[in-house]
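Each of the next two complexes has chain A plus one more chain, namely chain B in the first and chain C in the second.
Moving on, here comes the complex of A and B:
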């Protein structure tokens, strides 16, 4: 499933980390470097399996753990309303 | 790391986070104390210049973009630049006098630009005072009507005022007015000279007693207001954190964001460290913003002075520390960006 940032969310990678602004809530979220990298790849249109493959080469971590962590992170962002399914995709 | 920690780190490491674009100095009001240098000339930036600039700023991961003026809506570039800013994912702020923010324009802003906030100038709590400062009869009534329209649409706005001798008696009423509109009111108690050095605006600087009243009001407001700023600083708890190992090297702290996290660009492409400090660090007709940010010969000096200012202010005994200290204003008023200018002194002793 392709995911996109929710309409009111702005995202930047700053100093190897990430900042999310939820405009409607007037809220800023800081995310760590790995989370920012995952989110950047999601915003670029990559799917979770693609991201896991890419990051396995970037980080010294077992693919299974990376997959679990990435899925949990994406679920968290979906719950927070930061991400939503791309138009035409279903949750 | 929280958002504010990140901004602090960005300031220390010279990470450009926020850019203010003065799209034009044209305006539909004629505020007595306007700081713009209306005599400034040059080759105005065009739509394609702005588009290139915004693309570069997005690549640099700049977070905030502010469209200002003059009145930004008076610029033919306002809509295309605003749309481009949205497309590129900036947190967009608009600074407007509110005079043109009627229903149709407000709806269009909401639909096409989706700004984070619109910062709107309020000059008094009565038509007599507000219109005296704007020098346009009817501007207060029109502003109130437009603010109610913005509120009805659900557009986020906040009010900003510069306290002057003319409106200081109405400050309490202005806070009440803002509260009635569910808006935050930000008051600046320092009237500044114009950017061309003209000190005429200082003739309506507020009285010391008004400064004290304002301080009490602001303290009360801080206790009760819900601001539109990103304040939570919450950090997500994503588990990938477990395999990051970050060490934060020490960098010298700075007094403020000028030239460290911020830049201001005037309608003719001149680039400054911030809106107040008008010491040019480059021009977009000659250089790209990336070249200016990383290679301007002037910016290292600006940053060095900024670090000195941090040491100067933080080294003062707490009781003597000025509530605000502006490097740009210090340079404009005294010629020395590190000089303590008279407006800094406690109103009781000024």
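Moving on, here comes the complex of A and C:
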């Protein structure tokens, strides 16, 4: 499933890290380097399995652990309403 | 509820440009945060109220200065233009409507209009006739105007406490309940200076950024407005009240996020968010962030140790360590 940022959320890379901003509420959330990389790839239209494959080549972490961590991170962002299924995708 | 519905009788008639009937012909100019604000359309009573509230900042009219000044025009509104309600127990709130070239603001007995291009100009429509009612609305709109003026000049207004040891300053961003006033009281006991325990300006000064006092809010800031000069900002801290004192480095993304969340008015403006991000990026590149756990024992041990540690590493007024 492909995911996109919710309409009222901005994502920006900040010095190898990231920040999510929900403007209507004036809220912001700092994201560490790995999280920022995942979000960047999501914003570029990559699916979660694609992201896990890409990150496996970038980080010295076992693929199984990377997959679990990525899924957990994405689930948290879905729960926060930061991410939502891309148009045409179902949750 | 649509914009201004809760404050204004006919929101569709909200002013769309700086025009209307002035309250009077009195005027006064204020100078702060590197800008001069030229207030016109005042009654003698309104002028007096501004001079009483912002006396330290009043400057004599000057033709050359006034040409560059930020116009702040005050217009008369009819009482029936607004909804009136009991303010007992009401938290002051405002409605904002953001546009590419201007911002509208509605509040209790006030309508505000900030024209942002080619330069900032401000309009206040109010039905308040008394000095005390007028100055409340005026100060609130001036606070918003100063946030936009700062943004344009590379700075940012931050909900925060700011302390100084007389040489450098430290910033503690946070919303209500974060511990800013508690920290400020503890710092005052140590003999440190308090810029404000609520709202401070961060302003680029040469290669550094400095904290400057603003004339608006907080238990500590007002009466000392004249006294504290801008001082270079050494670091900023997220506050966490805790049973033990401790300090940890805050990641850049989290520092940036904290500052965005604590930049009032402009952080909700979708047309100016890029500018805010650019200003804050320059700030986080220059100023390190920490998480400060502090206890209520009055010692501020974690903060003291952080300052001492940075001193050992060679911080000085002209450059970070």
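Keep in mind that, in the parts below, the second predicted complex is superposed on the first by the 91 of 91 C-alpha atoms of A that agree within 3 Å, B and C clash if a C-alpha of one lies under 4 Å from a C-alpha of the other, contacts with A are read in each partner's own complex, and residues count from 1 in each chain.
Operating definition for what follows: a residue touches a chain if its C-beta (ideal position, glycine included) is under 8 Å from a C-beta of that chain, and two chains touch if they have at least 3 such contacts.
If you're wondering where the values come from, they're calculated on a predicted model, not measured in any experiment.
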Which superposed partner A:85 touches (first chain B, second chain C, both, neither): neither
Which of chain B and chain C A:49 touches, first, second, both or neither: neither
Touched partner set for A:76, first chain B, second chain C, both or neither: first
Of chain C and chain B, partner touching more chain A residues: B
Touching partner for A:38 - first (chain B), second (chain C), both, neither: first
Contact residues common to both interfaces of chain A (with chain B and with chain C): 10, 12, 14-17, 19, 21, 23, 26-32
Chain A residues touching chain B - in the complex, by the definition given at the top: 5, 7-8, 10-17, 19, 21, 23, 26-35, 38, 59-61, 66, 68-70, 72-73, 76-77, 80
Complex interface listing, chain C residues touching chain A: 251-258, 260-261, 264, 267-270, 273, 277, 281, 284-285
Sites on chain B touched by chain A in the complex: 1-3, 5-6, 9-10, 13, 15, 17, 61-63, 89-91, 114, 116, 156, 227-244, 246
Residues of chain A that touch chain C when the two form their complex: 10, 12, 14-21, 23-32, 36
